[in-house]
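Shown next, in structure tokens, is the structure this report addresses.
Letters A, B, C, D and E mark the chains as written, and numbering starts fresh at 1 in each.
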Amino acid sequence: AFAASGIRAGAAGTAARIGYNGDFWGASVAGVAADQGFYAKHGVDADIKVFTNGPIQVQALGANSLEFGYLGPGALWLPASGKAKIIAVNDVGFSDRVIAQAGITSIAGLKGKKVAIAAGTSGDMLLRLALRKAGMAMTDLDIVQMDPSTIVAAFASKQVDAAGIWYPFVGIIQKSVPDLVELAKNDDFYPQTTFPSVFIARNDLVEGNPDLVRNVVRAIKDAQDFRAANQDKAIEITSKLLGIPADQLKTEAGYGRFMTSAELIKLTKDGTVNGWFSTMNDLFKTFGKLETSLDPKDYYLGDQYISA
Amino acid sequence: MAPKIVFDKVTRRFDLKDNAFVALDRLSLDIADGEFVTVVGPSGCGKSTALNIAAGLLKPSEGTVLVDGKAVEGPGPERGMIFQQYALFPWLTVRQNVEFGLRIKGEEASRRRQIAERFIDLVGLGDFADALPKTLSGGMKQRCAIARAYAVDPSILLMDEPFGALDALTRVQLQDQLLDTWSRERRTVMFITHDVDEAVYLANRVIVMAARPGRLKEIIDVGLPYPRTEEIRLSAEFMSIRNRVWQAVYHQ
Amino acid sequence: MSEASKTTRSGGGSNEDRGIDYRGLALNLCGLVAGIAIWWVLTAGGAVGLPLPPQVASRFIDLIANGQLATDIMSSLARVMTGFLLGVILAIPVGFVMGWYKVARSLIEPYLQFFRMIPPLAIIPLAIVTMGIDETPKVFVIFLASFLASVVATYQGVISVDKTMINAARVLGAKDMTIFLRVIIPASTPFILVGVRIGLGSAWATLVAAELIAAQTGLGFRMQQAQLYYDLPTIFVSLITIGLLGLAMDRILLVIERRLTVWQERV
Amino acid sequence: MSEASKTTRSGGGSNEDRGIDYRGLALNLCGLVAGIAIWWVLTAGGAVGLPLPPQVASRFIDLIANGQLATDIMSSLARVMTGFLLGVILAIPVGFVMGWYKVARSLIEPYLQFFRMIPPLAIIPLAIVTMGIDETPKVFVIFLASFLASVVATYQGVISVDKTMINAARVLGAKDMTIFLRVIIPASTPFILVGVRIGLGSAWATLVAAELIAAQTGLGFRMQQAQLYYDLPTIFVSLITIGLLGLAMDRILLVIERRLTVWQERV
Amino acid sequence: MAPKIVFDKVTRRFDLKDNAFVALDRLSLDIADGEFVTVVGPSGCGKSTALNIAAGLLKPSEGTVLVDGKAVEGPGPERGMIFQQYALFPWLTVRQNVEFGLRIKGEEASRRRQIAERFIDLVGLGDFADALPKTLSGGMKQRCAIARAYAVDPSILLMDEPFGALDALTRVQLQDQLLDTWSRERRTVMFITHDVDEAVYLANRVIVMAARPGRLKEIIDVGLPYPRTEEIRLSAEFMSIRNRVWQAVYHQ
């Protein structure tokens, strides 16, 4: 079937292996670009490959098994430590939440409570932001680390008091715990701090094959504009690509911005995007994930995105 | 008096790939309480098969074996058995092998040890009580199996070529010991042997079997008095019975 | 009396050797029905966060209908079969060499035992770096799991072979290679088959880890993806398919085992 | 001539039975040195994305110095030991029941084989819902892995026991329970120990999965956390510690095995 | 002529927990090419140990065994052996067991089959050629082991109580067959038995061993002419040698 394997979009052009994550935000641009022929249009013979997470794609880049990839916000420290270059922002996420069992009404109320997080994910980071805002530290809580899908089971069976997690998981938990409380969401920190997802390229390509990078960025931009203009169609394409029912993707898509390339050019030009990355780096540093980071200028190829 | 063991038209077949092989064909035989019968017959004539059925280790395909009037359902400690291949427990020492049955009987440790000691000495393994079976010679293994069977003091002894691996002197000693306890304690003994002399020397009656299919051929009453002595062994009567058995086994 | 109390048991060879064991199959079926019933009762009671059997069944039908299940099965099966077969085929000579040559044992064995303890997940980054992201690293991870599980059993099989069998072969003029092929292997078949069956379990249980490596299709990949959306019916379809395929392969091994060990006297 | 060509070999019992096998240990050491050398050469060559041995060594020292390694070892060891022991202790009677009673075999076995194929990761959500997030589900996941791996071997051991041994015991008056304890278990010790050793591997290899369940300390937990930060030295410290602890436990099992199977004739 | 087999002060000890057990104490013995020696002695006196050392399956603790003037380093197909415990390969049928050595020798399939057929018939297992060992009776297993050893046609035959589990008639037949091929093909045979009659009937010389420690006690020349017949067996000379052997074995 269509969903079955990597799709070669167009026979002609420079070959490029492009990774993506198997969820709506990770897959929609790659899916749309392949389905609508945007890669071919810009002379890229794309071989798109699905991955389960970003760090594996960085490993694959490092092993020369991949040219381009996709990273969620939790993995942004990888380009920040020089492991890859960001060639475009995909979108910013608004699906993260800090949720708590009924009865807990504020972040302050989490003191000493059992809080589940999947370490290094955007849910983890949102919790940390919320704590900082409330003048608390992680050590004030009883943090338990788990796998994201495990948090669903743990929260639903009331094994934990709170969690840093995201939609669609929050929606699923709501089915069994309808009275859960949302203590924090991404919007609370927008626009100063937000969690962007990005497209990346292998370091040596940027010097070695700038044409290919430019062409891929062009295809990405076309796909972003198509996605923003035809949301239902984009969902349908992604659903077919991933073999996941459209309604599940639709829920997920409800928590993004669907930014156009024009918007992103604007945000890049006024430095907002670099600001996001700097804030992320600061966060990573306070979490102890990074000791030193590169300047976003050195790994986000904003100018290329603008000019492509 | 009711017989102790009754073979009632016992047939045993083994399924082979294409057909069934008849190892034992309608064997009927009564063994009286306190009787000593020996079984002789060519290799593969079903001697071990008959003994295993009496022990309850093999089910007859047809017919029944009764012990004390009750159909045999399985093995029991009142029927002691000595296997053709010894079947010692390789993880136990000689002493532990001999004590195995006593432990099951629930004998307490000191008594167990005492009984085991006696039978180990009886078979001449006193110096090897703590040896593992793998360190024993063939004849020593066989003697250990004999001591193990004797130790539980069963009222019926089923013995499958128990002295086959023994040298002549040890063999004569154990024959005499066996006859001695048998006559004192009135056990019932069914004893397979290839040695016609031995068969005649020990038995009240010699059961002669024939092969293909395995079946009863003839029963020969020995009728020599007990205790049997070296004198009897050399007597003309012994010789004549011995020859009759030989004839019965090997005459077409 | 004799006719009345006639016992007709077929005897020595157990029934399983030939034909189909209907009673066993019936009991298998009972077990299956009971299992599903327990699952149903548990989930209907709402106690456990599991999907109901009919939900899973309908997802099964969907995934069969759109061909996705067939594709996933094909790619996973290919990976598992390749990795598993390579693993057990290598385990047999390695187990022999370790059991037979003391030097080899002292050199190799600690490494084997060491790597047996390492979770397959930890091997993945290394596999990607050295083997890329195509089929090779996936098959390798599965291969490693089944190899490491089955080599212990083969090794133990080799050192448990009855010494007199080996002596008998040597007296007949057999050299090491012949002893290995014609004595050690048949004599340790029961052990080797334990190894093979445990290796099969390890192979399937490692599938999900293997398909973390840029799989495009596969039951393990599908399961991970469904986990992103907490799509329990799909997770269950994958799990049940993995379990059933593994079970079927195990049954085949069992039949092979019966064939190869008819010479054993059985309880 | 006789004195000159005197061969002095100690004979029947192999040297391993008593005292320490220095030659074997020396070879073990050689293997170890060679392994580290290969690792060093590979990483120094820059071919593979691995940390250098000295980096790992210095991290080892750090983690020992600040006590973290000790804490991690203690909590992981407690989990693995409990789960592993429960698993293998249960596997022995279950293997016996399956090998001995045909009805039980038909009912239980398909489930065992089915669950053997399921990756431990998939069990975790269920374990959390039913057992919470404390030690119980972690131990349970490890228990399950070692149980499922070792039960196959025990079962095979039971059905491979020489029939004449069982007959000998029955003739001496033994009933099922005695036969199980005094014949089946000793006679199938080689198989059971294969099961136990494979179970040990499964237990350690499952540790990482188990410590996904809200662990606060532990080698698997530490490794996952290091993975998030791409902290290769720490990952290696955890892996090596897991491997070494597992190896040490395996050695202990091997010694126990030697003790328990002195009665076997060995190659 | 140089002797075929030389035992030169062969000692064998087995390590026990606390001390060493001397199973064989400085055995020295020459066996001429083409000679038939039988070995008798009480159970556990080291007969099997000596045979295993000659076969190259056991290393002597001290001393050497030379075959054709060369020290024995391990087993070889020129020295065929029949084990006291048969040691059949349980996974092979009777025919495959007998063919095993031929296959190693590199005989081609049709010839292999032909040779195997001949020896299987010789031991009377013709109808059981495709049976697995577990379906054979004790005596049948032993006969299969005999056929397997004969089939490779070794120039030296080391036989450990090879006829112990056979009934009297089969035994006599196999004795005569053995003597027949031996005298035609001039094999060297070393044959352990518990049956003094058998020992005298077959041998050029009877080696008498004693136990604790296992050692050579006496060598008795038989000196009766070949072919040996039933007549010779009944002769007074036979009887007197038989008695000498018996005395040697069982006299203190």
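Assume a residue touches a chain if its C-beta (ideal position, glycine included) is under 8 Å from a C-beta of that chain, and two chains touch if they have at least 3 such contacts.
Source: prediction; values computed, not measured.
Considering every other chain in turn, the ones in contact with both chain B and chain C prove to be D, E.
The fewest steps needed to get from chain A to chain E, moving only between touching chains, is 2.
For the interfaces A-D and A-C, the C-beta contact count is higher for A-C. In terms of their C-alpha centroids, the spacing between chain C and chain D amounts to 18 Å. With centres taken as mean Cα positions, chain C sits 38 Å from chain A. Per-chain Cα centroids separate chain D from chain E by 47 Å. Residue positions of chain D touching 2 or more other chains: 12, 49, 125-126, 129, 164, 264-265. Shared contact sites, meaning residues of chain A that touch two or more other chains, fall at 59, 62, 149, 152-153, 156-157. For chain B, residues touching at least two other chains, in rising order: 14, 85, 135. Put simply, chain C touches chain E in their complex at residues 12, 164-165, 167-174, 178, 182-183, 186-187, 189, 261-265. Those residues of chain C lying in contact with chain A across their complex are 49, 66-68, 71, 124-125, 128-130, 132-134, 212-217, 221-222, 224-231.
For chain D in complex with chain C, the touching residues are 23-25, 27-28, 30-32, 34-35, 48-50, 99-100, 102-103, 105-108, 110-111, 113-122, 125-126, 129-130, 148-149, 152-153, 156, 158-164, 166, 190-191, 193-195, 197-198, 200-202, 204-209, 220, 223, 235, 239, 242-247, 250, 264-267. The touching residues of chain B, when paired with chain D in their complex, are 55-57, 74-77, 79-81, 83, 85, 87-92, 100-101, 104-105, 132-135, 148, 152. Of all residues in chain A, those touching chain C in their complex are 1, 3-6, 19, 22-23, 49-52, 56, 59-60, 62-66, 148-149, 152-153, 156-157, 168-169, 172, 176, 242-245, 248, 252.
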